[in-house]
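I am attaching a structure below and will ask some questions about it afterwards.
The chains carry the letters A, B, C and D, assigned in the order they are written, with residues numbered from 1 in each.
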Amino acid sequence: MARKKVRVNEASVVYSEKPELKNPVLIEGLPGVGNVGKLAAEHLVDEIGAKKFADIYSTDFPPQVFIDHDGIVHLVKNELYYWKGDIDIIILTGDYQGLSTKGQYILTQSVLDVIEKYGTKMIYTLGGYGVGVDVEKPHVTGAATHKTLVKKYKKYGMTFKDEGGGGIVGASGLLLGLGKMRGMKGVCLMGETSGYMVDPNSAREVLKKLTKILGIKIGFSKLEEKAEEIDRIARHIRSLEKSAMEKDTSDKLSYIG
Amino acid sequence: MARKKVRVNEASVVYSEKPELKNPVLIEGLPGVGNVGKLAAEHLVDEIGAKKFADIYSTDFPPQVFIDHDGIVHLVKNELYYWKGDIDIIILTGDYQGLSTKGQYILTQSVLDVIEKYGTKMIYTLGGYGVGVDVEKPHVTGAATHKTLVKKYKKYGMTFKDEGGGGIVGASGLLLGLGKMRGMKGVCLMGETSGYMVDPNSAREVLKKLTKILGIKIGFSKLEEKAEEIDRIARHIRSLEKSAMEKDTSDKLSYIG
Amino acid sequence: MARKKVRVNEASVVYSEKPELKNPVLIEGLPGVGNVGKLAAEHLVDEIGAKKFADIYSTDFPPQVFIDHDGIVHLVKNELYYWKGDIDIIILTGDYQGLSTKGQYILTQSVLDVIEKYGTKMIYTLGGYGVGVDVEKPHVTGAATHKTLVKKYKKYGMTFKDEGGGGIVGASGLLLGLGKMRGMKGVCLMGETSGYMVDPNSAREVLKKLTKILGIKIGFSKLEEKAEEIDRIARHIRSLEKSAMEKDTSDKLSYIG
Amino acid sequence: MARKKVRVNEASVVYSEKPELKNPVLIEGLPGVGNVGKLAAEHLVDEIGAKKFADIYSTDFPPQVFIDHDGIVHLVKNELYYWKGDIDIIILTGDYQGLSTKGQYILTQSVLDVIEKYGTKMIYTLGGYGVGVDVEKPHVTGAATHKTLVKKYKKYGMTFKDEGGGGIVGASGLLLGLGKMRGMKGVCLMGETSGYMVDPNSAREVLKKLTKILGIKIGFSKLEEKAEEIDRIARHIRSLEKSAMEKDTSDKLSYIG
């Protein structure tokens, strides 16, 4: 895994390995609403044991290094993983999306350059769909590049329609829009989420649909643990708020009395 | 209409057809104040049955896809339509104007590159002119590249003068300013509008002047329906505000009493 | 004055004439604090009858055209004027400074490219120095590229010292800093000004120093008329504020009584 | 020290001298939290008598000149100093860090290009670590590119761990992250600081560690004088705040009474 010398420009792909893959599907999960896409993609990497083969650096990512638990720094980046099975898979995840409009286009096109060489025909992008309220059982909405896909994926219980909103912003949208121009097909799976907190619950629902589509079996216990932890935090915050309100009311009463 | 493989840069023109046109005039209507220009351009496309011949993509548009009623995505873009008649016409409309200062110059110059090849001599840009109050019967103000045009178009009931404001910002201004450098003439038709809502009423007035100038006959019923709908919404909002105010007053009275 | 076809990039100099000049000094006055520099430069152009020989367009200026009193548009730009006398002069003024950091460097370097060809050895930049309060008799502060200049110009009653502030921002600073790298000398003349209004009074004081330095005689009556007009407006605003305050006080009294 | 003619682009290194150095270590201290890094680097330059050999200008620095006590301007820049001893040293300090994300990457890579030619193997970056409260005796935290360095520098009393924060932003982080890609090693020394004021006290602690690591002896009296001055100012501000609060309370009492 010798690291090659590299000058970072708007999109610098640094390979640690060049795996042989047969028309791999691309699965994208980068930071976004509720962090749904990133949580789902990282969980999938862990569960199937996907292996990293490339890092993507960019002058459009923040000028920043992260520090791990041992005090070791790593430059912020995106990562490409692969997995070989009945169907070959490339997974894109990472620390950030590009900060600028232009940077997002350039980064997405650099990913398309990579997967085009591998013969990718199909892209799945994962994300959250903010609804502003807590969601007990998150529904998964879809958007696709072609009508045939809409027909196909409706069978998996996804809804395809105009959200009446701003469409899909960021890599999840651009990979479909720009991929279509290169003859690729794609679908975006969006899990309902409040939009206020990271949402492993929504990520699980998105992954359930995706793995069913791909015919892959994975466990969800780690996502469920994360969801329970978030739930505990949320309940704790609510109870603090309730105490504060009650205290506030009793303060006022004593003031009046 | 085979879509060609394309890498999107600051201004990527993707032709679906290369029509033969004779010195077509350019008509521009992109999003702006009251959406007057876009409403007018789109109505004109529909009424005369203009045909799309090119899409313009740009890294300066938001990194975004829109989702249509069937759940199909399309990458945000501008569009060029053509129509052949006694006078040939190219119409420019689209989802967005460029987000950055530099991007607006580059996009406008890419449009000028297209129309220069077709031998365009005359440009009409359409827009709204915000006056901050509701306008019953919107007046159409003009601004032109040459004095001869001012003289000519005053006959159509347009006013040409310094608005005392900031001039014309965006494609409607740049197409005239940058087109003039290439020997083209042009005029901007600006419909009065409050600036608070989309304004099909103002768009109709602008289009009436334009079609009279071009000697084209079109219907306006669809714009009028849209105007009535906007009017209904505005009246509804006003009645809600009135109720809220009355309720507010009665609340206060009961509080005092 | 045939206008040549031009593609506007970050700094596009379009010549209408190529005058023969002998080591002209450059005088810069662009929009800034109190508009002191621009007012001074434009007044100088008018008084000595300087002639325009080039326009500078830039994708870093706002994407905008201005409309004149006759309804004719012109793309926003900077302008270069020349005047031939005992000493040859080039004057830089215009509608805007570059909007971005990088754009300001590029525009300034494009001006230096022009004057370097003409053999310019000396640059005078004009600007306002905001002090936050009204100034009856504005003092002129200087800053220079070389110690010999400080010594020379102190004789004209200018002060040279650290302002304890942020230095000089924009073209007035960059022309000196970047010009020095090309072996040019320069001085910035900064007129005290409140910073709240355009200040023809401060512009006159700056021009008085500059014309004395250059050995040029000009009239100041137009600047004085503008200064009186601004003064009238300021007095009117103050009287309105006074009335409003008095009314406000009497309202309160009647409310209490 | 003849200044060469130069066109400033995103990173323009202008040499005044090309010293011969043997695998110099790089020490970076640019403006940042508490100005700790810049204070430390400048103090080191003064104490060891390091000599400037290059200026770095950039279109990503503010378009600005500073004015010194004599009224002389200098364009904002970064500076490279060298010192030859048992170990050769290059020190990077300056007026600003790059303003844009992309600019920071380009500037950092231009510095790496310089030191790579000199055979640099090791980078020390200096900065402040904001903790939001006053710190009597600032601790020095570290972050490193390699585990061997963590082990080595822990012996000097530095802590290496995940801060739970956003990592290291700016040149102090990028030099490590991008330097690692070129086979260089590096460590960031971060002094605790409140983050509210410039902190010579924290800078001294950082420098004490660094000079011990490098085996260099320097005095700290100037930094201590600065620290005492800052301390006097802080005490004065606190006493003013106390008076204001007491006055405020007595005002209220007299108002009630």
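For this structure, a couple of remarks:
What we mean here is this: contacts are C-beta pairs under 8 Å (C-beta built on N, C-alpha and C of every residue); 3 or more make two chains touch, one makes a residue touch a chain.
None of these values were measured; they are calculated from a predicted model.
Touch-path distance (fewest steps) from subunit A to subunit C is 2. Hopping across touching chains, the smallest step count from subunit B to subunit D is 2. Residues touching across the subunit A-subunit B interface largely differ between the two copies, under half of the numbers being common to both. A separation of 37 Å divides the Cα centre of subunit B from that of subunit C.
Counting partner chains per residue, subunit C shows two or more touched chains at no residue at all. Contact between chains, using the touch rule, shows up for A-B, A-D, B-C, C-D.
Those residues of subunit C that touch subunit B in the shared complex are 3, 5-8, 10, 14, 59-76, 99-100. Within the complex formed with subunit B, the residues of subunit A that make contact are 98, 101-102, 104-106, 108-109, 142-147, 150, 159-163, 166-171, 173-174, 176-178, 180-183, 188.
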